[in-house]
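In the two complexes below, chain A is the common chain; its partner is chain B in one and chain C in the other.
And then the complex of A and B:
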């Protein structure tokens, strides 16, 4: 029955032998340049796979309308639908029946003024449709590839960041007016005071690690910020903090942060530059050295803040074996279970970022913590709405949140 | 001096932080080149700071050797091997297979690194023992879940009806939900921290507030 219908539709197509409707050629929007899009509507009856398989599309390009044509791609009517590239065409229902192809715009031989500009020469594109009924041609049409200044498919991310930023600053200004902000207790951060006190009583140092990433990592920045707050307390307790570093830039920043911390606590004379030092950039060599340090120095407290990889368990187990009180904070989801198993307290994910604000108790910083809660409420509401609308067959919330 | 220590770093953080956010949304080659350039700067700064790191390494170990603190022998070995590796790096046969640097890497660094990594096997067992002691309801749940998941991953589990599919469900549904929740929280925290740094609200990475 379906086969019969397909033949009837093919016969109808053959009777007209027309090229596909709406053949268009244009520069790909929102890209770095170099790409041209050709699109057209599928032939009537293409929604039946049997019919679609019998249709063949051939795309050719040329530098002039009457010039030499070069075949670029040949494919059956079952392929190259616009719904395969939502990053270009979005999520319209009609994308399922329309075809497209992304072509490289023609450029002169490499080394010319076009190199790295994203521009192309005017490129002519021709579409041939081969079906049992014969061949039809659409075009040729011309387009030029050029670079764009805005990636439209990322606009939803931009809008989210913009809204989140505005809410953050609104909450910060609110915090400026009313500094008594309630922030839920984070036991791991409260325990830091206890850990420093314990180290002072025992006359042993505190070991502080910044994780294995470099200074570009947001978790390392958060870790260094916490170190600043810890240094102040260590200085006021007249204790000692040891900071072996894996990255030389992190080392320089740590030394500066510690110096400022000791100065802010009124004990600049107690700061010792050698308490932060560089070990190596190699992962397991670093771990071997820090583990050795733990065994020799027997620190009273080990604080692991930042991003960790496989070494998390090696560090935390060795620290546990020395009897140190251990507090970890990481946004590395794969290593969180190891820290939770081995440490006395663990700051989970975002708590690491909140730690500096929590410890400093500055209203401006605490205000920004509220924006994280606002963001979470927004995400929960969106997830709920998205699930409901998707279940009802209208996945527009899902499409609105798609990232490319 | 205060300007150099505060205002200039804050201005740099603002310009580059804000600029790189915008760069993410601008596909133009000019924007790509700017990104490439800043990444090269990071590499250059990283290399220069490596010299600082080497200086720090030497200082710290030399101090230990000089003061003959307990374990100073390790510092001698560290500095000795460091100098030996640098010397091997200048050997003319390094560009050929079997050169001294590659030999040292394959015969010393690789096995030692693998040894450290292998310790994980033992540490996982001891950590699991501590984590799975059923002393509370949460720990008991953790123990039961872990046993089910482990059974689903080993050949024995294939002989227990439902073990494999239940394990896959635990990994695919509750675990994935929890991981996604964590990821969302981390992303929001990272954005909030980035905004605090870019707009100079969070300054402790510069060494506290004035």
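And then the complex of A and C:
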């Protein structure tokens, strides 16, 4: 019955060969440029797949209204609905019945004038609708692609950062007023003191690795931060720390952090720049070299902090074979099992980020640790709310969390 | 020759690295230093050709600068200045200037990492965890639409290149979704049938209860073994007529149902034959495929209608048969009563049997109504079970509980006592199960890598291709290690 009605409706529409309503062409909002969007409402009856399959849309572009038209895409009425691109159109229910197409704005040929990043020439767009009873044309309409300042589809990320930022600043200022904040015991970090003491007693160095990622990685930043705290203790115990690095920038930052650590402990004279050095950027040659170093130097303690890949087991196995006390900390979830199996203590995931605050007890870091916990409470609340609303058929929490 | 040399070098370096399994030795050291040296040299060359030349030198060099005239070359000033500042580390007096670059790197790295981490590690994961924990909405139409969409995609892929991997994958996916939709549809139809049977039994229950009344009454009169009164005689006449009418109506209804079922069966057969013909004759075009699929769908719908009608006809036939049997029994009893004589012992005993059987049939009808209603609920729940995909619900629940408990484990500023301790302990269990699975999975990958190296060493043992590189090198290395062992005996440093 519905199908029959849809066919009748389509026949009536096609008989008059009307163009779709609301044909629009505009620059894609919130992008880096280069793209223009054409959108229009589907013909009546398109919600029935059999009807939609009999309709064909043809999109053509040109540099002028009366110029040469170039066909860009041809597709049936069953495709290219706006709900396929929530990053552009959001999650409105009406998107299911409206069509769109994202087109590259036309640019001058190679060697022609340069328009600027993301900008295009005025591009004319025409829509042709072919249905069983005839053909209709919408447009042509013109639009220019240009870059935008604000990516609207990332606004939710911005708002979350803003909220977390404000909460973090508030908790830091609170921690400055009252630095006696409870931090639960992390056995791996308690064992660090023991490891440094053991190295001092045995007269052997401590081997400290920052992982294999560069300075852009959060785990490397956390690792370097822990190195600062370890350096202070190493300086006060008058022990030695070896830091072979895989990245030149990480090396430089490590040297600075170690120098500061030794200075803060009142032993700047004990700092030796050559205790942190660059090996190579290639993963397995770095590991081969560090493994050789472990066998030759026989460090009393091996500390693996940062992000690791396939080398985790090679390092931890060799370290274990030398009899060193081993403490690992990583947020690389694929490598954590190996560290757990081979090391004496392992900091799992976020414990790595908490380590610096735990060791230093500085209000700034304690405040930020509390802010992490506040973030987790927020996430738990969001999950509960999201699950309940999704079960009730309102997925707005999921939409709020959507990332593009 | 160069190929043989390649085999020798690669096999030697592989064996040098494996020699570390024995202990640190000169072979391993040679391999290690060569490895480090080669990779550093390689990195420098890559850096020169991939970064320095195209991104700096060719832009700022007046002769090579194709960008220089009309591109935004000034954007280079800042990064190149920062790069140059790094080089000040080689001049101790100016080395402090390099900190600006590092401060910038750490600052922008944090700036880049925070939104990226928030997006990938928090928002995406949280959005993935937000699932309706118990979906109650059946979605047969959705499953069928998915199957149709996948079939269309498979046809499209096959039209482009029927032998391609994409086409095969699309076909497999379409088949999976088709089976899923078929199972959901089967469960739906079973539920529909069960509801229909339950409704029929529920409708039959009062009918049977009412229909047995004359039989029970007449049987009681016969059982009394006394000559009938005028009242009883008129009751017998009325009962006989009523039962005969009921039986005739039931038979007519059964015949009508049977006729309808027959017509629908013929229509279904015709639709199926047409659909089969269209399917066999379909060409490679999308239209012909769609038309054949639509015809098959129509044939399926027609067949379903015919099957339902057939079941209805069968049930109507059973009702008619029961009514006819009842009518015959009533007629027999009425004949005894209308004869005016007292019933014999045999007649009384048979009447008792008829009465008991009639009462039992009413009881059975009542029980059947209850049982089939329960069956209908069961079938409905199984239908929903199929559509809800129980697996998905359980997965969503496990995921939800796992995420929450693991998050609780990572609370640092809350003491883990009481319920928090229990939840965080559950979180540790989740973590350990994951780590165990991940460990096993990764070990399999590592074994595959080892197998690759062993396979290479085996290839390098080939006398023609590699001039027996592996065995010869193995002998040299083992010989060297044995020699070094005896040479250095007694010189091992104390642990």
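The definition used in the following text is that the second predicted complex is superposed on the first by the 390 of 404 C-alpha atoms of A that agree within 3 Å, B and C clash if a C-alpha of one lies under 4 Å from a C-alpha of the other, contacts with A are read in each partner's own complex, and residues count from 1 in each chain.
Criterion: a contact is a pair of C-beta atoms (placed from the backbone, for glycine too) under 8 Å apart; a residue touches a chain by one contact, two chains touch by 3 or more.
Keep in mind it's a predicted model, so treat the numbers as computed, not measured.
Of the two partner chains, both chain B and chain C are touched by A:253. Applying the stated contact rule after C-alpha superposition, one finds that A:403 touches chain C and leaves chain B untouched.
Of the two partner chains placed by superposition, only chain C is touched by A:323; chain B is not. Shared-chain residue A:150: touches chain B; no touch with chain C. In the superposition on chain A, contact is made by A:338 with both chain B and chain C. By the touch criterion defined above, A:298 reaches chain C but does not reach chain B. Once chain A of one complex is fitted onto chain A of the other, the partner contacts of A:264 are limited to chain B, with no touch recorded for chain C.
Residue contacts after overlaying the shared chain place A:368 against chain B, while chain C stays out of touching range. Shared-chain residue A:354: touches chain B and chain C both.
Judged by the document's definition of touching, chain A residues 117, 154, 157, 161, 164, 214, 216, 218, 221, 249, 252-253, 256, 279-282, 284-285, 288, 292, 296, 310, 313, 333, 336-338, 340-341, 348-350, 354, 369, 372, 375-376, 379 lie at the interface with chain B and also at the interface with chain C.
On the side of chain B, the complex with chain A involves touching residues 21, 24-30, 32-33, 42, 45-46, 49-54, 56-57, 59-60, 63, 70-71, 74, 109, 112-113, 116-117, 119-120, 123-124, 126-128, 130-131, 179, 182-186, 188-197, 199, 201-202, 204-209. Contacts from chain A toward chain B in the complex involve residues 30-33, 116-118, 147-151, 154-155, 157-158, 161, 164-165, 168-169, 172, 214, 216, 218, 221-222, 224-225, 228-229, 232, 245, 247-249, 251-253, 256-257, 259-261, 263-264, 274, 277-285, 287-288, 292, 296, 310, 313-314, 316-317, 331, 333, 336-338, 340-342, 348-350, 352-354, 356-357, 360, 362, 364-365, 368-369, 371-372, 375-376, 379.
Of all residues in chain A, only 49-50, 53, 78, 113-114, 117, 154, 156-157, 160-161, 164, 181-184, 186, 214-218, 221, 249, 252-253, 256, 279-282, 284-286, 288-289, 291-292, 295-296, 298, 310, 313, 323, 333-334, 336-338, 340-341, 348-351, 354, 358, 369-370, 372-373, 375-376, 379-380, 382-383, 386-387, 390-391, 393, 395, 397-398, 401-403 touch chain C in the complex they form.
Interface residues of chain C, counted against chain A in their complex, comprise 17, 20, 23-24, 28-29, 31-32, 35-36, 38-40, 42-43, 70-72, 86, 89, 98-99, 102, 105-106, 109-110, 112-115, 117-120, 122-124, 126-127, 129-135, 137, 145, 148, 152, 290, 294, 400, 403-404, 407-408, 410-416, 431, 434-436, 438-439, 442, 446, 495.
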